[in-house]
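Multiple structures follow.
Here chain A shows up in two complexes: once beside chain B, once beside chain C.
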Partner chain A sequence: MILKVALRNFAGQGMRAFLNVSVTALIIIATIFSLSLLNGFQAQALKNLSTTDVGGGHYRVPGFDIMSPTDWEDLTQEVPRQLSQFKHNEKAEVLVQQGQLFINNRMFPVQLRGVEMGQQLLDLPMDHLLRRQQPVADSVPIIIGTQMSRKSKLKVGDQVVMKWRDKHGAVDALDAEVVDVVPLVNPRVDEGVAWLRLDHLRQITLRSKEITWVVVEGNRGKVEGLEFIDTDYLMRDLLALLANDRRNTRLIIGILLMLAAISVFNTQYLNIFKRQKEIGTLMAMGMTPNQIIRLFTVEGGLAAVGAVLMAVVLGIPFFAWFQISGFDVSHLSGTGIPVRENIFLEFNVREIATAVSIIVGLMILVAWWPVRRISNLEPTQALRGRGIT
Partner chain B sequence: MLNRFARFLVFFILLAQSVACAEEVDAQKLLEEIDANLWADTKHIQGRLIIDNGRRVRELKQETWMEGVTKSYSRYLSPARERGTKMLKVKNKLWLYTPQTDRKILISGHLLRQSMMGSDLSYEDMMEDVKVSRAYLATFEGYVEYEGQQTAILTLKARKPNSTYQTRKIWADPVRYVVLKEIRFAKSGKPLKQVKYLDYVPIDDRLFPRQMVFRDLLKTDTKTTYAFDLIEFGVDIPSRYFSQSILKR
Partner chain C sequence: MLKIDHVSKVYRVGNQDFTALHDVNLEVPAGAFMSFVGPSGSGKTTLLNLLGGLDKPTEGHVFFRDYCLDDLSREKLAEIRRQHIGFIFQSYNLLPVYSVYENILFPLLLNNEKESAVRDRVKEIIAQVGLEPETHKKPSELSGGQCQRVAIARALVKKPDLVLADEPTANLDKENSLMILDLMQELNREYKAAFIFSTHDEKVNRFVNREVRLEDGYVISDQAVESAPA
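Presenting the complex of A and B:
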């Protein structure tokens, strides 16, 4: 009976009810959108890091830190037999050294990164290096990323002087030929990086069989002389950034939700103020204060249910349209965030259910809160319209 | 008859001279003589480092005290920005003190490869602390005329694989035992640095250049000139000059 009356009353509120439902529905859509966009962004960034650099973790020479280039030359060692036995799709050997490119009278400090050509674990477009099987003679073939190309103004076919040190510290230099400029989705392996064949880098630095790290699918246990660095550690800066983004998103959602809650609260408050005589009549007819509170709370709750329905009706076509084009994040290409392509929403059912439940729960709470005062109402005063002042 | 004899005599003298010139120089001995001319137990130098990076020229005045090949102490006198900067080298360690920070920094390992004060020289180049004749094996390549004088070209190959430059080529005056020009090569043979030694003047019983001009051959339009205004050999240097305690205001 209460539901029937509540429905009739709710419909009778007209535009006020519609506005409450619309605002709440939009907040539900915005919440699902922002959470799913962040999920999509996170998934894409982590995937890009994983497929171009991190894999399932690194076996590294202890003490190696990519942020300390002056130590790179001291932190290499021969690849242990335990790792060299792995198949090409299970590991990728990498050697990192310091180098300099001399371009138009400018010196470019670069990371010389040699990667095993047969490896199939990382998704790196190194086809042009793959064909250069001959040992280094007069020039060293290198590949650079588009971002590096833009900054250094190097293009395919350019030859520049490349300088480095060999294992003993003797300085050496040769012409380096840019054999390809490739789009790399991860700027960390693009900006300031010159890619070489691993055998070439080993040859010119006299570091036969040496590596700085070996990318693996996952932890393969203890390996003599190397330490395993897991993906959480290798991606820690990105994960921290994303966690921070998630906190900020929740804060914005919280503010939006508060605005919607204030709107519903305000509606309910006005309702009991304006409908005192109606409340008095219901009491005179025998309804207990608790029944009346339930009636008003259900009315408020109907706004939340209506909002969920409206969110479904409006949200599904919007999300379907969005998933066709995705979100362009090309403006991030100058940053260190490893996402270049358009990102798409990634829906997490549990997360959405939690968010919607919180919104509906909050709406019911703010619908109930103002009407609690009815429990102290004198029916005679209410009939005169003086119960609540 | 006398005329014919005189002509024969002149011809013979000229022939003898050319044979003497074409005679192979003992390259290693020449290198040792060059080292002996340049190196002294102690040296005191006042000079200017003129750094031309192609866009602007900076001049840094400095004063240096050197003991043997392993100890040196420099302090910068001008410009105002660099005044008070000090450098102390003891064996293979180099400390840099800047008055702005009032701190001394140990420049070691790979940091030594960085450019010194934006010049064409690296700290490593400045710190070279072995006699060239000990670190390299010299080979005589022949004579060439360089800036109007006959010079012997020597190719120097490093004795140890850890020498920064594995090959050097020097244009040396075999009579005065001085180097006029030097090119330092990468292992691949690519020329990396050029040093020209200019305006040799006699100081005590040595010949010492008034200027050394360094060029990084991988860059264009840059050069660093080290001009010596005062050079003294065999001076007494207080021991505190080679102690880290000197690195303060």
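Presenting the complex of A and C:
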């Protein structure tokens, strides 16, 4: 009975009810959108990082740090037998060394990254290197990414002097030929990186069979001479950035939610103030204060239920449209974030259910909070409209 | 059916006590049709509120049926009002978002009656108060007289033992007042519910068969009225 009465009263509130429902519905849509966009962004970024660099983790020479290039030449070793037996889709051997390109007579420090040809674990567009099977003779074929190309002004077909130090510390140089410029979605493997065939890098640095790390599908247990670095560690900077984004998003959602809660609270407060005579009449007709509190709480709570329904009606077409067009993040191409393409929403049902439950719960709470005062209201005072001031 | 035993009511107004009723004693039999008459501030509405269990006396006791109202919890008082007492207010106090039909149905729903079981009863009483064409109209679409007829139907639909009407004709013109009083008298006979009005309208006194006069919270007279029209 209370629900039926509350529905009629709620509908009778007209524009005020509609505004509350609309604001709350928009907040539900905004909440789902921002959480799902962040999920989509995170999924895409982690996927890009994983498929271009991290894989399922690295077996690295202990002490290797990508941020300490001067140590790179000291931190290599031969591939342990245990790893060299893995198939092409189970591992990718990588050798990293320092080098310099001399572009227009200016020195350009680069990371020379040799990757095993034929590996299928990482998704790297190395087709042009794959074809250059002959040992290095007059020039070293290299591939660079589009960001590197933009910064260094190098393009396909350019030849520049490349310098490096071999295993014995002797400085050597040869021409490097840019055989391809490829779009790499991960800036870690683009900016400042020159890609070589692993056999070529080994040849010119005299590091036969050596690696800096081996990318693997996952932890394969202890490997002699190498330590396993898991994906969480390898992606820690990105994960920290995303965790920070998630905190900021929650803060914004919290602020929006507070605004909606204030709106419902205000409506309820006005309701009990303006409808005191009605409350008194209901009491005279035999409703208990608790029943009236329930009635007004349900009435206020209906704003939340209406908002969920409106969010479904407005949200589904909006999200469907968004999933077709995606969100253009090309403006992030200059940043270190490993996402270049359009990103799409990734819905997490549990997360959405939790968020919607919190919103509905909060709306019911703020619908109930002001009407608690009815419990102390005297019917005679309410009938005179003087019970709540 | 109703007994008021040495009832006094004192209100606190600011820092001062205001005595609204002084040692009132009354007995009301079932089916009575009576009025509390007096000027503003004489204690009429206070007395009605005490009889309806909306307020409790400062001293004395109010007995209704087998209950001493001043001993009961708010929940029990609400239950008694829900089942046995109907109220009619000066400004009608209809629920604005409901139609005539729904306003009258409402007290029955409060008593956990199913709409399907009481639909005919509601329609019947709507016909009795002459509002059939207005059945689905909202209170805002009705005249004052029509609103008061809805309020009467709403008070009577649950077949109460007692109907308390606070200045029921105060907002009505003469013609509508007489029509309403006529209607209430007719329904009093049919439903056997006791009707008690508070009023300072002398027209009302031509209809009642007992008149209790109040002044400054004292009952100054309590007498039968002979001239009640048939």
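One rule holds for everything that comes next: the second predicted complex is superposed on the first by the 389 of 389 C-alpha atoms of A that agree within 3 Å, B and C clash if a C-alpha of one lies under 4 Å from a C-alpha of the other, contacts with A are read in each partner's own complex, and residues count from 1 in each chain.
The rule we apply is simple: a contact is a pair of C-beta atoms (placed from the backbone, for glycine too) under 8 Å apart; a residue touches a chain by one contact, two chains touch by 3 or more.
Small disclaimer: the values here were computed from a predicted structure and weren't measured.
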| item | value |
| --- | --- |
| Partner chain in contact with A:Thr52 - chain B first, chain C second, else both or neither | neither |
| Touching partner for A:Leu174 - first (chain B), second (chain C), both, neither | first |
| Touched partner set for A:Asn105, first chain B, second chain C, both or neither | first |
| Which superposed partner A:Gly286 touches (first chain B, second chain C, both, neither) | second |
| Partner chain(s) touched by A:Thr76 [first = chain B, second = chain C, both, neither] | neither |
| Shared contact residues on chain A - chain B and chain C | none |
| Chain A-touching residues of chain B, taken from the complex the two chains share | 54, 109-111, 113, 158, 160-166, 186-188, 190, 192, 218-222 |
| Complex contacts: residues of chain A adjacent to chain B | 69-71, 73-74, 98, 102, 105, 107, 161, 163, 165-166, 168-174 |
| Chain A-facing residues of chain C, complex | 49, 52, 54-55, 74-75, 78-83, 85, 87, 89, 91, 93, 95-98, 102, 106-107, 109-112 |
| Chain A to chain C touching residues, read off their complex | 1, 4-5, 8-9, 11-12, 277-278, 280-281, 283-291, 378-380, 383 |
